[in-house]
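Same chain, two partners: subunit A is paired with subunit B first, then with subunit C.
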Partner chain A sequence: MEDIKDITKTETTIEVADVKPDREWRKDDASLMNNELPEEEKDWFADARPRKVMPAWAPIEKFFNWARAHSLWILAFGTGCGAIELRPLVTARYDISRLGMQPRPTPRQASVFMIGGYVSIKTLKRIVRSYEQMQGPKFVVAVCSCAINGGMYWDSYNTVKRIDQYIPVDVYVTGCMPRPEAVMAGFSKLKELILAGKAEGQNLYAEKFDWYKTNQKQVIKDWNMPDYNW
Partner chain B sequence: MKELYNKLTLQFNLSEFMQQRPNLAFVTVEKRQLVNLLTCLRDIHHYTHLVFVTAVDWLENNQFQLTYMLHNYENHTDLGIRILLDRGNPVMETIHHLWEQGRVYQRELHEMFGIDFPGSPGVEEPMILEGWQGPPVMRRDFDTKKYSLETYDHRARDTREPEQHMKEKLYPED
Partner chain C sequence: MSIVVKILWSFLSLGVVTIWGLTLTGIVAKIFARVQGRLGPPVWQPFIDIIKNNAKRTAVSHGIMFYLGPVFRIAGGIGTYMFIPAIYGSMIFSNFSVSGDVFLVMYFIFFGQLGMALGAGEGGHPYSAIGVARGLAQMTAFEVPFALSIISLAVQYHTLNITEIVAAQQGGILNWTLFTNPLAVIAAMIAMLGMNMYNPFSVVIAPQETPIGPPTEYSASFLGLLATNRGIFNAAKMVLFMNLYFGGATNIVSMIVKTFCIYFFSVFIGVAFPRFKTEDAIRFFLKVPALIGLLAIAVFLI
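Then we have the complex of A and B:
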């Protein structure tokens, strides 16, 4: 018994002074403040900003882009009425798996976010969160006229008019609603952009991160999530 | 339904009986008698189902009109009970003790019209609009177009008359 007591005694006497609390010493000027979160939740989330990903050596990047373009996974999050077009698109009639695309139920496993039409403030909050949680490389296809200029909700108090002010958009598909063929054409266009190395929405988001955040916080009045939740 | 109305007039201060269809009628009752009338209809006259509670904003009269729609499963008739509220001080008695689903309608009316139902559970919580800071949105003096133009950035639109546009496109020489 005395031996054990002695061991615990020596262990407790180790000095741990001069070390700041965990969150303080790894903060620098670039880290996010997460000011809207309650104090006890600030440690739960990361405070790093998104970073720009530079392309690899050209031939390698070309091969990467080829691989990316032929393995697209759609995030199955129906954000508006255009999401109803996803059902015929992924099932037997139009069977989008011919184009190498499949829906996935979680943002962590998807690379294409399809914005299906009007975006209310409540949905925008979830869209921003889902988009940030998707792993790169990630692409956004905005379907329906509501995502482009508000559509028939142009005078609505609760619908954002341009989705590209809040997240970067690679391809727009017009129509109210577009037929599945039009959506497929949009995905084909997205593939062309990826192959040409022009689908750089993710880098744009990292570059203009502060601008996007300002826009998002202007309309989402009850911001209670971390500034960048990946 | 007229018989029921005649029976009820002995007991309550009813006005404006309006028979819209053989199985649909509306009556207006005094605000303070509403809960008694609903209880009487539910327990005695078999109007057991609350179909909806809705509000109309009569801005010109400075009044809100609430409609409580009831359904009778015995003879399949609908009866709408209307009351008028002062628009400046819109407070109404809660009916969630009669029908549990009443609290949802009351919560919605509180959010959309700013009508208060003291005692209704969770009536202050936001239902559809998260973090809304403006006035109640369904009131007619709330200008949604003005709010939209002030709050959101609008993309410029080109509008074309379809007939004229196709004419210019297909037959430019005409």
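Then we have the complex of A and C:
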């Protein structure tokens, strides 16, 4: 018995004091805290911050931008009445597929996020989530007055007024509601921006990430999701 | 001929077939659009999409199997093509045709789907799992008439080598399997409808209910790889059908014309018919086409 006790004593002298008991030990400046998540869910999600990704060498980037501009895959988020104007775009009359555009049902594969109408706070949560799940470079087109300045929901208690305080927006299409021609004009403008290399919303989001997060958390009270949904 | 030269020729022919397969996809998208009264995307749209997907700056991976899914898929596509002689008698396009390669090719057609199933499964998205389940169920079903048709061919030509099957069909249009063994061709062409996943059997992709099917979670260059494979795999399947049933090809123009016509068969059905549910599709394949396949074997055994 004495011998056994001695052995256990010698083993416990190994120093383990420097390892912190919680998850903090593997955090660095580039990690997010995900404080709003329940403790058991924290390991389910990534904690990496978005990073700025610089454009490639100019001639190559120009070629890539040409491809991006001619293959816009749309994730249409029909938040409000503006969504009704998106349907005609794929019909024979307007036919966006001739411009290389097509609707895409999953954010992973889309490159243009289209917000069609007013943004209620409940919807904003989903918008942020979907936007962050898209792979960059990603572009946002906000359709309808409501997404720009609140529109007729100016006084509403549960509608955000300016969507560009929460995610970066490349092109606004005004109107209540804008006709499909106006939406297509918005896409033409987006193409011009992409071709000129000016549609860098993803890098803007990474750069001003804390500002966007503060704004989002100010209005979304029940924040039960990770800080960044890669 | 040294193996190095043969490998070089094979990759050259793979490049040609990839370009043809993607162009074929573009042409078919255009035809679909015109049938629906639209102008449709340009014929070279698949190439732009692949460039764009590969030019994405970020990509999400969910683990090693997720990463390997598209790799297995494209390995299945390249493997399918590498063992089919694309042009009969051509040195460049003869690839690695060996005795018994029909079985190898049938295996490779299945292999890519299985790899994709593992990869899409690790993505963890429920829609991926639904798409994979539907895809594998439908695949198992259309494999029955297709395999019966191949067995019928083996009984007819006493060989399992694609080059020999093509050689047996040379010397006039009436020597094609289409005329010497029409039952096997009917069974195989119906199986091809399931393989190409156009409309009666398009529930796997199902853009309306399960967004985009198995590759729901795939983004950026993963998707680019899958789209490239779509070109290779489509062309390889059409070349296989051309070799087995339509007399093969002796030059590249005849290959392009024949593969286009074979592909157009499923497009023609696709624009005209609505969609089967998965269980209906399985029942369909296991009834009439399977019986036709059995009959095709019986005719040559008796």
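Definition applied: the second predicted complex is superposed on the first by the 204 of 230 C-alpha atoms of A that agree within 3 Å, B and C clash if a C-alpha of one lies under 4 Å from a C-alpha of the other, contacts with A are read in each partner's own complex, and residues count from 1 in each chain.
Here is the rule we go by: a residue touches a chain if its C-beta (ideal position, glycine included) is under 8 Å from a C-beta of that chain, and two chains touch if they have at least 3 such contacts.
Just so we're clear, the structure is a prediction, and the values are computed from it rather than from any experiment.
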item: Touched partner set for A:160, first subunit B, second subunit C, both or neither; value: first
item: Partner chain in contact with A:136 - subunit B first, subunit C second, else both or neither; value: second
item: More subunit A residues in contact - subunit B or subunit C; value: C
item: Touching partner for A:210 - first (subunit B), second (subunit C), both, neither; value: neither
item: First (subunit B), second (subunit C), both or neither touched by A:67; value: second
item: Which superposed partner A:148 touches (first subunit B, second subunit C, both, neither); value: first
item: A:111 touches, of subunit B and subunit C: first, second, both or neither?; value: second
item: Which of subunit B and subunit C A:95 touches, first, second, both or neither; value: second
item: Subunit C-contacting residues of subunit A that also contact subunit B; value: none
item: Complex contact set, residues of subunit A against subunit C; value: 53, 63-64, 67-68, 70-71, 91-92, 95, 97-98, 100, 102, 104-106, 108-109, 111, 135-137, 202, 230
item: Subunit B to subunit A touching residues, read off their complex; value: 128-134, 137, 142, 144-145, 147-149, 151-155, 157
item: Interface residues, subunit C side, partner subunit A - complex; value: 29, 33, 36-42, 45, 48-49, 51-52, 55-60, 127, 207, 211-212, 215-220, 223
item: For the subunit A and subunit B complex, residues of the former touching the latter; value: 121-122, 125, 148-150, 154-158, 160-162, 165, 219-222
